[in-house]
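The two complexes that follow have subunit A in common; it is paired with subunit B in the first and with subunit C in the second.
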Partner chain A sequence: MTGQKATNNRARSRMSLRRYLGELGIVGYVIRLAILLVFAIYFVVPLVWLLFATTRDPSNLYSNWFPLTFGSLDRLATSWNNIIAYQNGEMLLWMGNSIRYTGLSLLGSLAICIPAGYILAIGHFPGRRVLLWLTLITMLLPVSAMVLPLFLELNLAHLIDTQWAVILPAMFFPFGVYLTYVYYGSSLPGELVDAARVDGCSELRVFWNLALPLGRPLLGLLAFISFNANWNNFFGPYVMLNNDKVYNMPVGLNSVVAATSALRPGFNPTPGATSFVQADAAMAALFMIVPVVIVFIFSMRYVTKGAFTGGVKG
Partner chain B sequence: MATSATPAALPLTRRSRLSRLGIGWRRHRISYLLALPYIIFMAIFGIGPALYALLMSFSKWSMGTPQYFAAGLDNYKLAYGDARFFQVFGNLLEFLIVSVPLGIGLVVLLALLLDMRPGRFSSALRLLYFIPGAVTGPALVLLVICILDPGISPFGPIFNFLGATNFDALVFPGSLPFVFTIMGFFSGAGMWIAIQHGGLQGMSREVLEAAELDGCNAWQKALYIKLPFMRPYIVYQTILIFALNVQLFVEPQLLTSTWVQANVPPQWAPNQLAYSYAFDVGNFGAAAALSLLMLGIGLAGAYVLIRWTGFFKLGGQS
Partner chain C sequence: MKRALLLLAAVVLAGCSSTTGSAAPKVTPAPAQTPASVSTAAAVQSAVAAAASANIETAKVTDTTDPITVWIDQARQPVVDGFKKKYPQYASLVTSTVVDRETFPAKDLLFNNTGSGWPDVVFAEPRLVGRVADAQHSFPLDLSTVVPADMLKQYAGADNCVFDGKVYCLRNDLAQMVTYYNAPLFTQFGYTVPKTFEDMQALSDQVAKDHPGYYLGTLGDGWTWLSFMEASGCPYAASKSSTTLMVNVADPTCTRAAQLIDHMVANKTLWNTDYFTASWVQIANNNKLLMLIAPIWAALGTFKGTYYCPCTGATTKTTPTITDKFLGVAAPLKWAADATAQTAAMGGSAWTISKHTKNQGLAVLFAEYATQDPDLWNGSSNFASWIPLQPVFNAVVANDPIFASDPSAVFDQAGTEISPVGDAWPRFDLIAPLTTVVKDMYSKKQTMVATLPEVTSALTPLAKAQGYTVVNK
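== the complex of A and B ==
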């Protein structure tokens, strides 16, 4: 089956240019390409600019007529060293914290949300609708209302300033439950589940041996959404963590931004915070971005490789 | 109706109902077991804190200790009577009108265009679109501030051509709904495109092949086959975008902070006003009262969508 799937994918991806042009028409081909490229510029140019900004002095940022220019390798090395050396390597400590928090939150949230979303999609149990509504309500709860009750709760359990104050709340992941629900609800063939039941599979076995393996694209999607949400989690940790040794990257970066003298108001009186355009700040931002890109590439492999092709053959 | 029932009939119905419940419990045991961890976490980190917030909205604080139910409706009167109240919700409305349709329309368009010809080019573009998703929160605002400063922006020549020569010419109260939309789309669109792409992977190849045999071209396939298939994902996205955008906070908050000093009011969005009640004034009750109104707006929007689209009737219930 995997072999057949692979050939399917390859056949799909190698649709010949001539056939493709015939399907789209020349005008359609040009329009499609133009739209896609315009958006590519919109998404990518700011990032390229950010990449170059790590190599440019403030004077260079303003004086150059062309905004996407390379500064100097010296400046790049300085930015790198400044970030690594910040408060005796605290940046690396935060990086380590972030990886640990994100990893544990990710595993926990997936273990909880996949079974729940699956059973909401295929089950017929009393309370299903209530659970769906509650999921929706908890997704819509404004952060400003939740922060204080959560803080009091975690304080009661003596978890403030520990990693669990970040990880445990993050394991509650209603967004993931909904996505799982949508995925199985729209893509898992009902005949397949029924066939497995008729063959004497218990509900647990249907879930474990059928739904989970068929959910590879879902797993990839959920993994990167959860990773992204947890890696960038700012507001919760900002309130729950006061000790800078347990900060994650976003909270740590925020403290860097607040503490760096070059970024203080008054240093650069012109509005628009151009003093913010610091090679160091850009480098710190890259520290946040690169891991997400790596995870994305891996998770998208999952998303495109697994599909329901050939699940039910007539 | 009850008069016609024999005395023995009542206990019998009750017994059968009880036994049905019993069977129901046993039959659905596995279902509840699979959902149980989620239910527990939801109670602790979702419903519990929410109920406490509700309680807070009727409470008042003296010397840091809460007096439950002492405030009555005072917090609501205070929050809803605030001069800024209509201002912030007006701002929010403008932002939602701009950001929700634009965000969803463009995401769906791009997802469909990418799916027309799967391959290396599409995969690479999908990755490119997604990378800005790694930039959120403080980093995003920082980057957008640079991008919107014509003096250093990579799009500077375009801004200058359009007559905007400084940051304040691009970022002012009237332009904020668009500024936040551009920010949000920059960092969020890639993820949604990937989700829609993941959804499209769940589509059966047979249907597409059949359409091809019937002579459908790429545009017709996208419009008449893929788009209807994407509907649940689009509804999902609409609900979430709506919910997230109602809670707009970090972006306006950072724009108004002292180091940016942008020309915008200190409380632009409802969430900021609630935050200001909670942490500037220390009135958690009023903050909760405002937050509940935001929740109400989010729920009303979601309810309309769910009713309208039959979203809960997916899969097993269809």
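== the complex of A and C ==
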């Protein structure tokens, strides 16, 4: 029975490939494949190169005829050790800081933007349109325009050089509010909300028991976008944090690149200082990338489902 | 008895230098030295240690409770560690932060807005100190009020730290450029090391004809551009006063350097990147680097371990090795029409102290230690600005197997020939705009002579933004 099913599947795939080829023609198929291949190479090769770079010495990093070759496990171990030992373990400290800042910012931003977007979508109250416009405008404001007033404000509250200087501004997530508004505005039937109200649900209960469970794909998508934005948050922390003990990963990585010999061999060294090379910088970059990849793999289902939010009005 | 003690000190110091980190140069083992050279080195180093230690005592730490924050790059961490070890009574008061020091002027403005947060001591090039010395930034402390005048006189290149008559930093090191050449290749090809830029141009024609694929230098960024222009005395950004800047690339000194560049680009003896780009490193690894104008620290910091291997792993068969006496060092080239040579400087940092510091004594003591301590500097690949320490560097390079011959006299001489243009940077960054000019030349397939006006258009708005009046005479 299973064998028969497999045979049927294979036959179906052959037919669909034939139909596909028939629509495109063999030349069209080859062209499409070639274009996809070029883009795949364009995006994947740098990442693969980065992986291999952690295993290669400066002397052979660029010299091999084929750049995507493995160096040595020894070099990999040295890169790992150098990065782990950097400034008495600051890389791990920054990783911990990044996880904490990202986690708290993520929870805070979701706790604020989901109810805000929901109420903008289903509520009718004075000033709603103004609020929506303000949300849109703040969404379009560049981060750099907000940094100085934020710096002054946080300084007034004595929060510069603390974790709150990163977390509090990151909780402000206008894109999340707008996406939630679009989602609930297009996907949550008003009749359903009215029915819940008729059944005696309070507004809070409608949100908690009806809207929130229905918005699970949105929650996954927002969580991923917020995680990504907060994990890669550079400019704000770069300005707000001056003590390397409270750096997050992006600011720390910048200091590894700018303040070590990793990319400037031999520039003004001091006896006794650890000599950093490109492989160490590549290892530091991997420290930043790997968590995003892991989170993406686990949240892929929600991300793809949520990406169609608002695409079809129900 | 005294001679015996000096000899013992020399042996100890030589031992220290051979056990420092990977960036430290290897000193030739004792058997390769003559007893005379050992005792000379010992005498010099012991005298320096005594003199430097005596001077360090001048800083008075009256406040022992207020902590200080020191902004450094990662390579300066041993300075902080060394200070804490030498002065354990102050160890708990010193906090270091590794920063990207290019952000120093911008961060200082933020701190001025908030009235707090300034670091107490910052490791930065004098060009950055200049940028925080204006009224708007108002960061540095005038060190002439806290460091004795006779001590300040012992810092070579101290003019770089003087802005409007005030001493705003203590020089850490000098980074004068010299002419490096591949000694075995010069011998093999029968070439003579050039003494003038005209000789260099003639040599480039010969190399292009007889040994194509070999290079006499590189031009790919602002620094490498300066190595030609400042050596020619080109007034591309010459500070005439704190408010007036001369930008005059139409000057014949600029044109002759640009013509040389164009000539060498055309005959393919000048590569097109900076010193650290992979393609240039590969040229050096493949033993195709014949000659290079580069800063003093490049000898032990870049040729050793990057251009000449073993680096930290596999090498090609042709790569020069650091023990093969490949590296010749010649005086900075001069133009035939000029009476003396001038040379550019790449780097050469300093320590500046905040006028807002609450523990001035400790901050000054730290800066003095960082620039004067002989133990800290023993084995350094940098040429100290503190004059009593310079013999320590010379003793190290005199016996290093990477050099074809003792380069110390050349290094000393070059230290006195740093171009007055390069010695007094304006209050804004020159390297980024000059790098753009160089890259434009290549991308537009123009000559450097044709590209020179771009320097004026790139630097003038930056200068005006800093309050300079830009003149061309």
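By definition in this document, the second predicted complex is superposed on the first by the 244 of 314 C-alpha atoms of A that agree within 3 Å, B and C clash if a C-alpha of one lies under 4 Å from a C-alpha of the other, contacts with A are read in each partner's own complex, and residues count from 1 in each chain.
Following the convention adopted for this analysis, a residue touches a chain if its C-beta (ideal position, glycine included) is under 8 Å from a C-beta of that chain, and two chains touch if they have at least 3 such contacts.
From a predicted model like this one, the values you see are computed outputs, not experimental measurements.
By the touch criterion defined above, A:Asp244 reaches subunit C but does not reach subunit B.
In the superposed model, A:Phe39 makes contact with subunit B only, not with subunit C.
Of the two partner chains placed by superposition, subunit B and subunit C are both touched by A:Asn254. When both complexes are overlaid on chain A, the residue A:Leu61 reaches subunit B and subunit C alike. A count of residues in subunit A touched by subunit B and by subunit C gives the higher number to B.
Of the two partner chains placed by superposition, subunit B and subunit C are both touched by A:Leu152. Of the two partner chains placed by the overlay, only subunit B lies in contact with A:Leu218; subunit C stays clear of it. In the superposition on chain A, the residues of subunit A contacted by subunit B and by subunit C overlap at 61-62, 148, 152, 254, 263-265, 271-274, 276-277.
Subunit A contributes residues 56-63, 71-72, 75, 78, 86-87, 90, 148, 151-152, 155, 160-161, 238-239, 242-244, 254-256, 258-261, 263-277 to its touches with subunit C in the complex.
Against subunit A, in their complex, subunit B makes its touches with residues 24, 28, 30-32, 34-35, 37-39, 41-42, 44-50, 52-53, 56, 106, 109-110, 113-114, 116-120, 123, 125-139, 142-149, 151-156, 166-168, 186, 189-191, 194-195, 197-199, 201-206, 217-219, 229, 232-233, 236, 239-240, 243, 246-247, 249-250, 258-263, 271, 274-275, 278, 284, 287-288, 290-292, 294-295, 298-299, 302, 306, 312, 314-317.
Here subunit C touches subunit A in the complex through residues 17, 20-24, 72-79, 81-82, 97-103, 107, 110, 113-114, 116-117, 119, 173, 175, 276, 278-279, 281-282, 285, 297-298, 300-302, 304-306, 309-316, 319, 347, 349, 376-382, going by the rule given at the top.
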